[in-house]
Amino acid sequence: MEQSTISPEEIIKTGTVAFKPTKAMIDTNMSYCPGCGHGVAHRLVMEVVEEMGIIEDTIGIAPVGCSVLAYDFMDIDMQQAAHGRAPAVATGIKRVFPNKHVFTYQGDGDLAAIGTSETIHACNRGENIVIIFVNNGIYGMTGGQLAPTTLPNMKTSTSPYGRDVDMTGQPLKITEMVALLPGVAFVTRQAVHKPGLVRKTKKAIKKAFKIAEEKKGLAFIEIVSNCNSGWKMRPDASNIWLEENMLPFYPLGDIKG
Amino acid sequence: MTEEVIIAGFGGQGVLSLGKILAYSAIMQGQEVSWMPSYGPEMRGGTANVTVILSDEKINSPILNEFDTVIILNQPSMVKFEKEVKPGGILIFDPNGIHNPPTRTDIKIYTIEGVKEATKLKNTKTFNMIIMGAYLKVKPILELDNVHKGLEKSLPTRHHHLIPKNIEAIQIGMEKVKPYEVSQAHLLN
Amino acid sequence: MAKARGAIVVNTEKCKGCNLCVVACPTDVIELHEDVNARGFQYAYPARHYDCTGCVSCAMVCPDLVITVYRAPRVKKTA
Amino acid sequence: MEEVHLMKGNEALAEATIRTGVDAYFGYPITPQSEVLEYLMNEQPHLRTGMAVLQAESELAAINMVYGAAACGKKAITSSSGPGISLKAEAISYIAGAELPCLIVNVVRGGAGLGTIQPSQSDYFQAVKGGGHGDYKLIVLAPASVQEMADFVDLGFKLAFKYRTPAFILSDGVIGQMMEKVILPPQQERLTDAQVDELYGDWATLGKKKNKPRNVITSLALKPEIQEEHNHHLQRKYAEITKNETRFEKINCDDANYLIVAYGASARISQKAITLAKEKGLKVGILRPITLWPFPTEAIQEMAKQVKGILAVEMSAGQMVEDVRLAVNGKVPVEHYGRFGGMIHSPTEVCNAVFEKLVNC
Amino acid sequence: MEEVHLMKGNEALAEATIRTGVDAYFGYPITPQSEVLEYLMNEQPHLRTGMAVLQAESELAAINMVYGAAACGKKAITSSSGPGISLKAEAISYIAGAELPCLIVNVVRGGAGLGTIQPSQSDYFQAVKGGGHGDYKLIVLAPASVQEMADFVDLGFKLAFKYRTPAFILSDGVIGQMMEKVILPPQQERLTDAQVDELYGDWATLGKKKNKPRNVITSLALKPEIQEEHNHHLQRKYAEITKNETRFEKINCDDANYLIVAYGASARISQKAITLAKEKGLKVGILRPITLWPFPTEAIQEMAKQVKGILAVEMSAGQMVEDVRLAVNGKVPVEHYGRFGGMIHSPTEVCNAVFEKLVNC
Amino acid sequence: MEQSTISPEEIIKTGTVAFKPTKAMIDTNMSYCPGCGHGVAHRLVMEVVEEMGIIEDTIGIAPVGCSVLAYDFMDIDMQQAAHGRAPAVATGIKRVFPNKHVFTYQGDGDLAAIGTSETIHACNRGENIVIIFVNNGIYGMTGGQLAPTTLPNMKTSTSPYGRDVDMTGQPLKITEMVALLPGVAFVTRQAVHKPGLVRKTKKAIKKAFKIAEEKKGLAFIEIVSNCNSGWKMRPDASNIWLEENMLPFYPLGDIKG
Amino acid sequence: MTEEVIIAGFGGQGVLSLGKILAYSAIMQGQEVSWMPSYGPEMRGGTANVTVILSDEKINSPILNEFDTVIILNQPSMVKFEKEVKPGGILIFDPNGIHNPPTRTDIKIYTIEGVKEATKLKNTKTFNMIIMGAYLKVKPILELDNVHKGLEKSLPTRHHHLIPKNIEAIQIGMEKVKPYEVSQAHLLN
Amino acid sequence: MAKARGAIVVNTEKCKGCNLCVVACPTDVIELHEDVNARGFQYAYPARHYDCTGCVSCAMVCPDLVITVYRAPRVKKTA
């Protein structure tokens, strides 16, 4: 059989599956805007949960933010937490179910603005949970307002002339802050807009779940992501903007552990 | 005179701003108005609708459950709003994307090929003004002069140079609007 | 025509036409279709399917789990 | 001639804060009122009047920023919706206890919990009976039009400063999101620091001036005797406000045989409903409370002598209806009608409810 | 023989949580209830029953920890006082909206604001009408003795789980701080995870089991049609609870000519007051609501047929009295008496008030 | 006149005043327990305010904690803030009075537990205010409960067997955390249990007020202090305990600026 | 039998635990009890008082405004509570630190030199038991046997070896309590 | 008797007898009195007053602003 003659159709029929959607994601239309990074982040968390074989013992927490409906997409038991309080909710779960896997999935408004206190104290207590922190530099859900993580001079619906750092402060690097805390075992900053980064992020997520499983402390994963709607860009353009503007400020890589 | 109209379609079709221009135009001829949108994240890509009331008198309820005129710009809105036209009222729709055309016989129905005409104009942004034209032809409640003023008020100054294009679109809408018989349903592919 | 080493299946109705897979594909296999799906999106399709290497880059970045990737069956050297 | 604008209720309120010479807005985004902060940020009020506008890190922070600014004799305002207002409950109780004039706006959406973002009127109890702890009251204004969204900013601050007590605008998603014609108030100057000092220096913290007693803002009195006296002082003030500031509107009440009591969006919808009822030969009037606290108890008592039954129409499972019943005290039947959880009753539904719940029962 | 203990109300409640097999307590110190957490920490319940006890970083965190644990089908409890309860308002609305069984305790002190730490009953509205946003209700139990502080833990959880709704203990500084004899409940085993799964696995998040539908805990329904239906579901449940679970106690009511309605500490004080009244030849009965919501409306209506007047006695400026008036609906005069702001009325004062407000007027 | 013959009585009559209580403190009995460090901290702040001549333009904020009644002792205009919210209240004041001097005076429960979010965000915005943070490792006011800053194994009324760091986390060094924030211009840790330390603390407080006055950002002063009642020690013993146990964990000195 | 008593003095005098021992002792003889303290930070160095009710019947109000017996251990409490003794009731006070001794003539008044006797015992902690003794002498409502049991219940086991010392102090109090005539006021320094 | 270079005045009624000044004084001037003040505290007093150098250490650590410190008038060298 001559190799060059095999057609895509034949490959589909006879080949091996190199990638297919994880079954831990519900086969439905996600409510995210086209090109939004939340979708990839969701998938990676669920792939890890599936691959670790812990679906039956995992409880996820959806925040208030665009990912408020994460429970409509992730096929596991989930709770929806009040805005910013996911780490407290996770603590409540973990304290009654010390051997279950508990993760929160939070946006930057949720985790770094209204939820600052809950984030820092859950981290400081070293709750054996995983925090997935999707930093898109904006409040996506409510229509693109300023977030604590919004870049200087970046335009949002509540900084229409660009973020004025004299008035609102510099972007908050909460990830670097929680890395200081002894209760936090693993801190990393990742991204999902390029295939290689997606792979790295998945590895990091797996490591995080392992660390929490081994009760070594809290594992904190920031994912720098786009919000093309909030940024008012096309998805592909938003990823370039992310690369050129977000990453210099939020450099990728492990910060602790 | 009171005119109660709902405009319903997809987000992105200019539904809300069409309503706003209608409202501003009515103000320009000294009328009372109210403009009540559906809102929230379902607007992202989902459906959007706006209830506009124009009246010589003070307007009471901005919320209505039946309308003098219903303007329908996508299929989900047809399902939802066809039944809300007052008996004897008017339904205007753009057949583009409509799989289940209206069936009521106690109302007057018109079609306007808004998408097609906008494509012809090579300017999809004129779509809502074409619809406006169709509406104004069928319900001539606003003087074009006041619509001009309404456009001036509702568009930011940096867009005022677009007003002639808008007026042109309105005129096309006025020309192209056609009465529709329920029996014609088969004609809409 | 290149040797196809991989192939993709796009769940056309689920695709939101974000173009990210198009950008991600190293061999420029994918394009957005002129037509739109029922939800109004120009969906992705393998315009140059024979160039597909099965590298799964497209699937990696697709936010909506739209793409399934296949790899050509291993050809036995001795065959 | 006054310039006529077409604006959303939220935008009219925002513009009115600038024109009322408000000194500071502190808020946090939440649907359906995010336009307030967005409008303000776009207008750059620090350039127009020097007004400070800050997006706080949370509603909790925002309301406590209001506390700080209000305690300085400055006009400070915040706005939010259900979940955010709940978070403000502790500080609202503090503000009431410390007798600080300020304005708090709730553009109500459906609850409970995260609920829905669609309009509702189910935060009546929270606003009127007290979401926070302790015996306190807020002056609660219920706008029923975009015009009132604009006008009640000035009214709210006037009342708040007159009585040194927080005022509250209980709006809803309909009134906040709809556009209507609005005549904007004229631009008032912000008070200068010297004027604030003159007007409020005897209680506000402006810095302790020589030869003047200093000012302390607190809601604490560890000795219960003192706290009780403070509470009596508050109650006397509340009685005074009830006497002077109860506001309502009567619509078609003169020869009405039935009465609807409704505020905000429900009052608007009910107006259409009573024209539908009239078409069916039924004379229904509307009493629209403008102040929900103080509640127009006497006016309703008066109407109870005239009508055969009263329908409280509100987008809730039945909250204001309790105050109507307390007013009527058994004189005539009082029923409740309303859709809720983000659903809005239509004029037809309200009209039908009058017949079903009052006439044919 | 049961062992008799002498304990503070707060301690009895704490001990009862351990014995009731509660799974988790989350709290934050505040007077006059800090003994709850202190007692628990001293008892090391993780050794006695495996119960988790955690001092949270704030009341906000504590109540959201309760949310998380309760959503797992576990018995979770928190306690606080006025300012802390206000901070919990948002989450309480979430818990009600998401239909989570749990127990929240308020040992009330005087407000508003920071107020005083002395006993009060001025958080009635907050507990009963809803401190948070939206149309929701809490089952509100009002203990009037140390024994009830202990007993209502079990009762609260039973009701909470039966109806999948939060229960609330509205206590006060008197009942929390006083010592009385108490017979402690027997030690119940905590439910094992398997039992929780069996009992609550159809709604609680225990991890998605194979071949079982998964569970999601949320209070969100963006579509108002769905949210409205959810709200109707809640209202139906509340009607059911009202029908089945209204609790009250009648004291000396058989031949009473006047009635006091009072709960908690005020009910205790009023008992002494009616013996004083009896000495003066006046027959006064007491109706003590045990559930403040559902309120014993019918029982009071019944009594209104018998007595000449009703006095609502509460340590507040007048809150529960509204529910008494709503029940009585004008049949007989209803008056309010109470000291507040941290002051406690004496039996003599209450007795005098009966004469002044009802008899000689 | 022979120097050695001058008597204390004569010195009092004819000598110079080397120290007298500042007039900016009200001459009244403070509600603090005997030996409590709050008194010295109060005095130093008021001395600085008096010496800088800014009494007329200073607004202080009392927290919820033992210092809730600071306004009964400091003779300036003051506001009492809800538990943990002093930095938000200060922000509200500073935004309407940008040229007044605004300081908060907070305990460790107030600032580092319930008020974490307000602390971090006021710091991050770089509000030009002064934060005086009295860290006594315990909740004094409510009867000696665990604070985020309580040392490992330290006994409190809610950690009667000693702080169990596995359950409650390590003591939170919030001072080191806020030092990371660009909005914060000056961060130092001081103490007031010895005369020399008192002098240093006063210098630091003066520097802080100057920095805020010059609108360079937020100035943050931690004062490690005793709570002899909460620690259940005599005051002098508590200061030795402080020296031997608190200071190794909370080392004194400037951390930033 | 119902006995309503308030014990009022400084924080640190053992007022609350005296009340608790009273209450436990009453329980030991099968009675009902209630114990209601003043609480809060004012307890630090400030005044402390506790209302204890012992009764054969169920106790209604834990809050009282007049008492069968008032035990006063410092000056501020004298001002506050002298007037709250029921006519015919009993007031017991320790003259130490009392500048304004009681003046009522419609009640029975006793003094007990608690501070002095405790100093003699070189054990200030016995102060409250001396007061207890004085009280029990004047109002013999509790059998000493039950007081013993009450002490056992209210003291932690590690302090049980102190019980004999406590009983001794009670006996001293019983011996040393003296009737006091208002006319004797001048005798108290 | 040492040369008194300083002197202190203790506001006896305000003193809470915390002993911190006693500990702080480098020359061991201060002691707590046997007697108590009206609020029941053993107050501080300069037991060895002539040893006072006026160094203000006591005042520095006194939490209750109880101590005023004086220094001997400067003796002119030329006198």
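We call the chains A, B, C, D, E, F, G and H, going by the order they appear; numbering starts again at 1 in every chain.
Convention: a contact is a pair of C-beta atoms (placed from the backbone, for glycine too) under 8 Å apart; a residue touches a chain by one contact, two chains touch by 3 or more.
Computed from a predicted model, the values in this text were never measured in an experiment.
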item	value
Minimum number of chain-to-chain touching steps separating chain C from chain D	2
Pair joined by the larger number of C-beta contacts - A-E, E-G	A-E
Gap in Å, rounded to a whole number, between the CA centres of chain G and chain F	41
Distance from the mean Cα position of chain C to that of chain A, given in whole angstrom	25
Residues of chain G whose C-beta touches two or more other chains	40-41, 45
For chain H, residues that touch 2 or more chains besides their own	39
For chain E, residues that touch 2 or more chains besides their own	31, 54, 57-58, 60, 83, 90, 94, 98, 113-114, 117-118, 218-220, 222
Interface residues, chain F side, partner chain E - complex	64, 68, 80, 82-84, 113-114, 116, 139, 142-143, 145-146, 148, 157-161, 167-168
Residues of chain D touching chain B in the complex	4, 6, 31-32, 117-118, 173-174, 177-181, 265, 268-273, 275, 344, 346-349
In the complex with chain F, residue positions of chain A that touch it	113-117, 120-121, 124-126, 148, 166-170, 172-173, 176-177, 180-183
Chain D residues within the chain F interface of the complex	23-24, 26, 52, 54, 56-58, 60-62, 64-72, 74, 76, 90-91, 94, 98, 193, 205-210, 214-220
For the chain F and chain H complex, residues of the former touching the latter	1, 3-4, 6-9, 11-12, 14-22, 25, 27, 29-30, 32-40, 43, 192-195, 198-199, 234-236, 239
